[in-house]
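Which chain is which? They are A, B, C, D and E, in the order written, and residues in each are numbered from 1.
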């Protein structure tokens, strides 16, 4: 954990996304190097969540390609999965498992060698250690979100894909998240984040997704 | 072990399982799976009287005797014969020399008490004139053995 | 006329033979008609939509073709 | 823009083929009916009921051919992500279900006078019945999602899983019970069926097939239009902000 | 492999703490089987003859009962996305979940089956074969069911739909399961049927997780 991530690059080239039968965005490019952050901006439905899911590998791009250090990500899904952490809208917390069990399961699934020490540190960082034996069903929305975010520290991964991580978080927790992200970047990690509320990402690139929306006619054209 | 190797390992394991599955099924087929028994099977197995089963074979020529609603006939597999009694309406395709499947039980006297008789027809389709012409020229072959 | 009557009686199996053919006809014609109607309905719906959508006029030949 | 093949090409092709297949269907089935009902003799054993064969057997062929079409289209949809393949699978299913149903009912109508029963739990009958259930499952699954592309993908996986299973089901019921006669026409070179009966059977078989092709083409056209309609609707929703709120989208 | 055991342990723990599923499945099994004597009449002969069929059909329905929960909870709370993003084959995780499902539902059915066989007056010769067929057959049911459970994720009325999809595919298992028991009861060799059941299990072992994983990926898109 203490040593940094090797210098790498994560880039998208001519990415297009079709949801349902609609082209959400097309010709989308970005390039991200170690330590950098990318902030996704745009109105509802502009495809921020879709882009994050696409970057995670949950969606397949309709066109274009994603590369890691120049090699196509699609070549090896498992290697790609090992280098990302994805935090989506759902918190993936089992109500009958305790806080620690919830976190440990995901940490060990991501990296079977991850120890209890990392889990304890992660929970302490997000202020959940005193609740570690409490079952998930008793947590508040904010606590659930913090537990979900603590996965980021439970097992290390260089790329963090965060879909509106500040939802349900109070001001203090947002500060914690900002600090955690800053440390991650300092170690050479990358962060791609979509947000409505203010999460302060100093020096982040901004990607306005509405600029990649196809012309209305083209959106239909794809199907005609 | 790298990921590529592991994937190959998984695929090989899967192939192995499929191969073993095929082998098992083929062995099972060689063990002869049958559903209805021939009269020979029934003679050989001494089937009890309480078990419902099916007998298949040909209706022996000249064996059909009708007594009101009750029909008696003999099913043969050309080696062994088995007398059958049936009460009810026979299917139109039921003929002497034709295939038949009867469902029922054996009675104590060695007669098969059928509760249902199904005619089994062959895959030949032709007009009457043609079959007669064939019979006259001696090229007509009656159904041999059971299907 | 009696030869016609024997023909329709199908050697006593009239009900089976004619029911089979009638049912087949009903299902096949029904399938064809419902398919055709569904296609026509969508065609007209698409026409209305395309006429409403600016810049999409004159492309309806695709759908008919 | 991306590698979606152009359905317009399909539409042009379909429009070119369609009148011919439709005409062929009318001619073939017309001739088939003439030979089947009038110009062919009765069977030496089954008498006039043999005429049921001319609708029963082609229905059975099509019932199975449709499933193969669906499975092949599904495999293509899953491997190459071709949207047209999804639409072909979805369009073929109701046709296959209709013919499988016809096969079952006409078989029953044939079985009653000949075998002496409306229905026997026989291998062929049972596997056809299960095939019918597979069709129902496929159609139910394809229409069970709000997003039609998701329905298409799920049903494609199901069609393939079913395709693997069909031989297994066939094998199991074959073992389970057997009464139905073996296929007549499969023995190449020496069909055990008289030419006077083979002719109407083949005419009807080919006629049913061209009927299937015609209906399939129309259905696929219809599906293409439906997805165009959805695409235009979606475009309206997303290109006019606030339209959803004012409720003017639903047209 | 650690990941496989991890997911089995987690699903078992979930089943243990939530409790109800296994007990419900077994209760359904017992109750439905007990209904048959009421429906058929207590005639010993008839019950004896149909016992293999009754047990197998009911076991099949019971194991289907819990099937729609297999992936649904994980799908709804977002766990499935994270499982799909685990750096390992999704197929392996599917196997893990199926194993856990079988341990919590299939195994209790196998334990309950001989007891119910006694109630149905089954000939004692059939007991060993009954247990053997269920040992070979119920994992196949879970595996095939996993495909169905993955396919109906996000569908309207998924539970009902699931039975429509899965039941036709269960037919071969049913036929050979009952066939083996019937043969054993009649003192005929049942080896062939058992071999086929084993063959089906072996074939389903690689194919079903593969298809189910494909279906899950579709569901997440």
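The working rule: a contact is a pair of C-beta atoms (placed from the backbone, for glycine too) under 8 Å apart; a residue touches a chain by one contact, two chains touch by 3 or more.
Bear in mind that the values here come from a model prediction, so they are computed numbers and not experimental data.
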Joint neighbours of chain C and chain A, given as chain labels: D
Which of A-D and D-E has more C-beta pairs touching across its chains: D-E
Distance between the centres, which are taken as Cα means, of chain E and chain C, whole angstrom: 43
Whole-Å gap between the CA centroids of chain C and chain D: 15
Separation of mean Cα positions, chain E and chain A [Å, integer]: 37
Distance from the mean Cα position of chain E to that of chain B, given in whole angstrom: 33
For chain B, residues contacting two or more additional chains: 25, 33
Junction residues of chain D - those touching two or more other chains: 8, 42, 47, 113, 171, 175-176, 228, 232, 235
Multi-chain contact residues (two or more partners), chain A: 60, 78-79, 220, 224
Parts of chain D lying in touch with chain A, wherever the complex brings them together: 1-4, 7-8, 81, 83, 147-149, 227-228, 230-232, 234-235, 238-239, 241
Of chain D, residues touching chain C in the complex: 8, 11-12, 15, 37, 42, 47-49, 51-52, 55-56, 59, 94-95, 98, 101-102, 105-106, 109-110, 112-113, 211, 214-215, 218-219, 221-222, 225-226, 228-229, 232-233, 235-236, 251
Partner chain D, residues of chain E touching it in the complex: 147, 151-152, 154-158, 161, 164-165, 167-169, 171-172, 175-176, 179, 196, 200, 207, 211, 214-215, 218-219, 221
Complex contact set, residues of chain E against chain A: 2-3, 6-7, 10, 13-14, 17-18, 76-79, 81-89, 220-221
Interface residues, chain A side, partner chain D - complex: 16, 18, 20-23, 26, 43, 45, 60, 62-63, 213-214, 216, 218-224
